[in-house]
Amino acid sequence: MTDTIRVAVLGAAGRMGAQTCAAVEAADGLELVARIDAGDTVDASTLAGADVAVDFTVPAATEANVHAALDAGAHVVVGTTGWDDASRGRVSEHLERANDGRPAGEGLGVLIAPNFGLSAVLAMTFAAKAARYFESAEVVELHHPDKIDAPSGTARHTAAAIARARTEAGLGAMPDATETGHEARGADVDGVRVHAVRLRGLVAHEEILLGNAGEQLVIRQDSFDRASFMPGVLLAVREVGSRPGLTVGLENVLDLG
Amino acid sequence: MTDTIRVAVLGAAGRMGAQTCAAVEAADGLELVARIDAGDTVDASTLAGADVAVDFTVPAATEANVHAALDAGAHVVVGTTGWDDASRGRVSEHLERANDGRPAGEGLGVLIAPNFGLSAVLAMTFAAKAARYFESAEVVELHHPDKIDAPSGTARHTAAAIARARTEAGLGAMPDATETGHEARGADVDGVRVHAVRLRGLVAHEEILLGNAGEQLVIRQDSFDRASFMPGVLLAVREVGSRPGLTVGLENVLDLG
Amino acid sequence: MTDTIRVAVLGAAGRMGAQTCAAVEAADGLELVARIDAGDTVDASTLAGADVAVDFTVPAATEANVHAALDAGAHVVVGTTGWDDASRGRVSEHLERANDGRPAGEGLGVLIAPNFGLSAVLAMTFAAKAARYFESAEVVELHHPDKIDAPSGTARHTAAAIARARTEAGLGAMPDATETGHEARGADVDGVRVHAVRLRGLVAHEEILLGNAGEQLVIRQDSFDRASFMPGVLLAVREVGSRPGLTVGLENVLDLG
Amino acid sequence: MTDTIRVAVLGAAGRMGAQTCAAVEAADGLELVARIDAGDTVDASTLAGADVAVDFTVPAATEANVHAALDAGAHVVVGTTGWDDASRGRVSEHLERANDGRPAGEGLGVLIAPNFGLSAVLAMTFAAKAARYFESAEVVELHHPDKIDAPSGTARHTAAAIARARTEAGLGAMPDATETGHEARGADVDGVRVHAVRLRGLVAHEEILLGNAGEQLVIRQDSFDRASFMPGVLLAVREVGSRPGLTVGLENVLDLG
């Protein structure tokens, strides 16, 4: 990879794809070499020498795109949803074959990220790290009232990660004397309560509350618009080349040591 | 009533009563003239010329105390729970008889307040006043995890007051696209969602969120300890004498014009 | 005024004016009858029978527009800045002449509002009402980092209103043991501390903190985008007709009784 | 060290010392074997076989106590203030001599912690880790109005850590268009703005705000009372034995991997 990273955007005409094209063009050290849309073939020719392909397409197309980009020798950053264990497994195998015989630390990398929002990813990561040190933990997610599901996927993931951390640390159930009144919007995710607020004017927000006797730690994250995903996408583009194999989750390319 | 207000405290040995005695003794313009406890008679002699009697006793005793204090010619401030329409009605009748024939604006007054916390009462009052101007409104109450009921009585009252204000203003149901996920701690109070957080380290807190397209108003109230009730108790003691008849709720003696 | 209120928008091609046109067209009971722009004459003919003229023009034009609209028999709602005591005085005199001889409660009205954000106006109003009941009060305003002035005008007004309420209630200086460290962004406005945060990602937000021993009341307001001004503009259009004379500040047409 | 950790508390009659004695006695796997106060000698005899000595004494005594406890073969946890480079250096040398020749991972340990509040330490640590990923960062600290210094030491440390992380990541100055209004309580610490709120009713709180275009991450920490330090003290007692040498800061014994 040269000093300048050459980037191809798949799904370049979509909302996220178009924003990614603009962000790549504005970024130091990155060069946009291809905009690929629905109907276009993905191969070495259309990728135009890209070091990294960024996929913001649709669930039905994303896996095939990743295999094609790998065949063309590009690292891949994936923001499209719809991945499951089976499709991730096939990409892992592809990467093992492709990277076979290369020195450790070299080879092609694929990063699949369900969320490119740095504040969202950091909030979830910090909450999971802190959870083992607190007696109580609850999650409040707040969204615009047109969102159909409750609680949000992000809040469910956060709560599940907190629950896992508590189990690993040997913590038992949280203190809770209530016996009635459990009919609010939200859910109990593996023993962690998630409250879902729906309010006109809001976009996407998450608040994690952690409590011990005499103290509280609150980690809050606000996503005001889609622009907030671009720093995470650019970070992924810059980091994917130095992480051979499959990586799932932006938190794994953040330097939090 | 002379310039200095003479105060008798009923239930003077209890936690709230003892704090009230101390607060009265420390306040300008107030004089503690009697401490009355369980077993003591409440009459003109034991009230010792008090202008105002403050009752922090028990549900079984409070109504009789109020009638006795009125018979002795004292105004009464009541912080004890357990009042219902019937007992409030009997006090109203007693006040009408006692004040019959007095000039308007004079006569004995009784103030029954379920909550003396200024921040709590103001939060509830402001939320109800603001509610008609917002498309969405939700309530989050946060308490220590040893509290048995959920949501709290204060949060239920707040939500009911918001619902009433919306109805009076002709607002319909709030926007809410969710169809699943309604198993969190809390309740739907007259169409207003109340979320109940239980977290070690917290005491008693309430947050009211009001939203329109592009804007949010949040009113939050924190009660960290019982000391927070004293400014409200002293205010009630100072104001009850100028409000003949029965007043329910500290908000009615606040000057919010 | 008929059941439907006919509205003319002055400055219809500007950002606020265009939003107002769209909001009026979408609102029940309002009819957009004229869009007037820079260069157009403001008179009975161009106002096209409007009951209410809304002025979102420029400081150099706004006063003349108001006089012209009054001459044409329209009520006026003004969102343009640049008004001072002298220009407001001339509008008051014009209104007195115009309304001379009309029955009380009738006559032309002008409403000049520096801020149409309901959450902003309510936050400021509630803070001023609550201030007399708290020992401490501070203001934190948070804006995007391209804003040049600090603290914001809204925060200055809020702090000044809090200071005025404290003075009227006979409260002295707030407790503050600090002697060093007063070099942060913000100001001391009449004894009320205003802290100014500048953070990429934010738009316009204000938080008022009020404290007594053991309790806190926090009133927070978030303006995420300009859409948030439209409910306030529409409210002003609906109310100005029933308030003859000059009214300054949207809070004076809110029903907070 | 046996399964049960034997603990001696130095400064056992002080506020923090007394709380530590109670917390040790209530904790699983810990045994309180000595309470040592001002005037008592610190040696193998008075330490009574303690595995860990906890020092909550006074700046004038703490260093000598640490050397004496090391001479008696105990690990030491220090919560007393007043340490500087010189005194820390002498303890480091003492530990090197004492641990000379022991296998790696064994030997005596000393943990000096300026702050045992888990929420405070985690807030500071997470803020420093996150700082490199955000364009803007500011700190708001909130305390009771009897606190003399502003901003607080914790907030200064947090801001300095954020500034260091930004420098290491090659970030430049934060965006800030303001030119006037820098007279609020607080400070500019290495380019990071710290705002200091003083409000009756509060205890000790810190909020770190991190912003990018379209998103915000807020890390907030509340210390409501001294009880909140005990989980951190107990954690230090349990961990110090497995960290030979000198460790400064509770964050270094937290498992945040």
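By written order: A, B, C and D. Residues from 1 in each chain.
Following the convention adopted for this analysis, a residue touches a chain if its C-beta (ideal position, glycine included) is under 8 Å from a C-beta of that chain, and two chains touch if they have at least 3 such contacts.
Because the structure is predicted, anything quoted here is derived from the model rather than measured.
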Query raised in the report: Since chain C and chain D are copies that touch, is their contact same (over half of the numbers shared) or different (under half)?
Result: same
Query raised in the report: Most remote chain relative to chain D, going by C-alpha centroids?
Result: C
Report summary line: Rounded to the nearest Å, the gap separating the Cα centres of chain B and chain C is 33
Report summary line: Whole-angstrom distance, CA centroid of chain B to CA centroid of chain D, is 42
Report summary line: Cα centroid separation, chain C vs chain D, in Å, comes to 48
**Report entry** Overlap residues in chain C, where contacts from two or more other chains coincide
**Finding:** 134, 201, 210, 212-216, 222, 224, 228
Report task. Spell out the part of chain A that touches chain D in their complex, as residue ranges. Result -> 117-120, 122-123, 126, 129-130, 132-134, 210, 212-231, 235, 254-256
Query raised in the report: Which of the residues in chain B end up touching chain A in this complex?
Result: 134-138, 140, 142, 145-151, 174-188, 193-202, 209-216
Report task. Name, in rising order, each residue of chain B that touches chain D in their complex. Result -> 201, 203, 222, 224, 228
